[in-house]
């Protein structure tokens, strides 16, 4: 979307002050404004930048009265934040692939095209795959056989979907994410050498799930690894086989969940957290970054920290003492000396 | 493989009880049985589900006598677990690419096709590459020049093999894994700015090695980074340049080994473990998840925990006290008061 | 580069001792020398291997006098290390793609070819992309629209560059790295369900930046995520949205930086380190592997360790006591007994 200030003002039903011809191709921050962009003044703390920003258009509240001249074309609106979110949503659609199937994609002959689907060059779709209306497969994507992709899904370049995967509506899969790889399961043979346990389960993503770049979700051994509706998984996260993640749960970058664990709804998992296998994390639990959770005994809503993780405040209190341990050590030694002296005296 | 119950019974040389016409396309768990699948009762703990499962076929032991009617077609066999492993192995072959080379792959003209090799669309094979019989390169794979791939190897979509790599027989490389990237090596110039050290070594994987999705193995500086026969590396693992991993060692997801370290045979490395560079981990060492190993002084078979890692039991004992540190602190303060009082009295 | 010993000697302006016809295709380490390679004796510690190495050519210092016969052809030079670096640089160019654009690449019709650019098969370049002279895009790369790639850049197979990215001169992007993916940003709606915050910013890499395999750099919300000149980022690293990394900073494998943090110049970040969002790391700070940094209060050049991270030496001192905590616990209990006894006596 490239739009001029007057057209933008009309979209926002605002009041235009200044040059309506300025062309805008995207947004910027008020303190780092760039010519050709729109910025906004929502937080009074940033007012100083309104007078100096290089952005071409500045969106302000209807009650804003400048104390000095403003270079930018102003658009006054009732809800600055809402206007900005609306514009950013519009700009974020810039350059998204158009519906249609590239002649350089390889689709199995049994593929039935839904309306408004976009499939890019060098993407491969195996047999018995269904892709819902208005979904976008960027170039260089792989969809294994017998998979079902919902409506309005976006799959970025290089994402690999192993066979039998089910992806709900409005999911977003970022570049180079892998969904449905084998679980890390082996059994020792009579000589102690590892023999692969075949994984024939699948992965099921609910609706509105987002999977970050280079994240990996392994498929179940027999049944499914599942991610519930609305859950969001960040870059480089590992979800092992047979894991079940509830709804509206967020898992930050580089965290990992080991096999067969169950994560409740509305759980918040920090970056680089590790969760061992075969435990259950209750709803609403909040796990501080880098923690290692080794038990499912914590009740709903608990906040955790440490490796192994304990209650958040308990960890902080213990860690505060940890930092002073050399001093405490000296105090213990001092006590021992004093006691020895007292005992010598009392004999 | 789609097969009906009677055919399955014949394959297993079992005894059929019920409808032999039911069609089966895969396995499922007894407590989450799905119509059209086969499940099994191996552990008596799960017997209750035998009466309620929705799976179409149930495999039981020859000596199993139901206490209530069973909906599923039953197949009685001597070795339930063995039968199930056999069937899962069969189902896991479903939809695997057939031998043959896609016309949309790009192979260097010097490539000599071995029998039964499969190479998918949009895969690139550079010059002087050898691929052993019955190996499968999925679509969208990259094999750099002068690489040697063994027999019966599977390389999933998007895996990238840098030049000069050697991969043994029966290896499995999962989607988007990278093998042979440059080591992270720089030297400061006279102004302290980093200058890249060129890496011209290679990666050598032994036989029966498995590399997880999005894992990375850097190549050696001059010689090779090596992974020994039968070792298994999980998703998102980092193996740095010049590392040497022994045989039958397992490295769980998101662990990392820094440059030039040597890992023995039969080592077990947990998820998110970090191992510093230039140390040696003895055979059979077991490292608890999230630990950080900073020294090679531990003897064979030691179990480690913590960051920096110490003996597993020592870490647990220290951590048990750590959790009570605020209490101990108070006890020290109380002791100091009492000593002060005693000293005052004794004067 | 395949070259014989005599040609190599001429390149190095050295003195040849032995068979000049031996063909050399690469370098190797002296203790693991391989026929057909060149090795070098720079460190006297390794002299014993000079007499036994299987390498075909051995580069030694002009003043080296062998104590026993040497199998390898020797080349005597003034600066052994410099000669080796020169040769390795030459060998590292082996098999690099030649200039030219593959007919199997998909370029937008608006693409203007700079001289000496190489673009491989199955690479996709969207509209309004500029690629500087002598840059190499390997096969299977994706470059989103409106991106600018500098001169002498190398982008390895499977790297994904989202739209609007700016990449400086001489950058190296390793296989399957992702640059410009969405930040992990959501806001709760009135029912507490997460709504995606659109990210319309970009990523800017300075000159001489290297990004490791499977690393991820998210784009900014409105403005840019930036990596400064000469900074080096290892495999599997996560850089979140709006992060600003200074110049000549190194970030080792599997480390992560959360959103909107600023990292100074010449910072050294160890493997698996985590840095929370919205803090500032001062210039020259050195962060030990696996540490978790939660505050920006540390001054330039500080060395950090622990999670949460504190001064490096303080952490080591506290951890030394931590390892003895069970003993200290017993000493406290012993003190309590003795005090009780003293009090009983003194009554």
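Letters are used for the chains, namely A, B and C, taken in the order the chains are written, and counting of residues starts over at 1 for each.
The rule we apply is simple: contacts are C-beta pairs under 8 Å (C-beta built on N, C-alpha and C of every residue); 3 or more make two chains touch, one makes a residue touch a chain.
This one's a predicted model, so the numbers in the text were calculated from it and none came from an experiment.
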- [ ] Set chain A aside and report the joined-up groups of chains, separated by bars, or one piece if nothing splits.
- [x] one piece
- [ ] Between chain A and chain C, two touching copies, which fits better, same or different residues at the interface, with half of the numbers shared as the threshold?
- [x] different
Task: Distance from the mean Cα position of chain C to that of chain A, given in whole angstrom - done: 24
- [ ] Could you list which residues of chain B touch at least two other chains?
- [x] 122, 140, 158, 176, 214, 236, 254, 272, 307, 322, 325, 328, 332, 335, 339, 342, 346
- [ ] Using the touch definition up top, name the residues of chain C that touch chain B in the complex.
- [x] 26-29, 32, 34, 39, 85, 88-89, 91-92, 94-95, 102, 104, 120-122, 138-140, 156-158, 172, 174-176, 210, 212-214, 230, 232, 234-236, 248, 250, 252-254, 266, 271-272, 289-290, 307, 319, 322-326, 328-329, 332, 335-336, 339, 342-343, 346
Task: Residue ranges of chain C in contact with chain A within the complex - done: 106, 122, 124, 126-127, 140, 142, 144-146, 158, 160, 162-163, 176, 178, 181-182, 184, 186, 192-194, 196, 198-200, 214-216, 218, 222-223, 236, 238, 240, 254, 256, 258, 272, 274, 276, 292, 307-308, 310, 314, 317-318, 320-322, 325, 328, 331-332, 335, 338-339, 342, 345-346
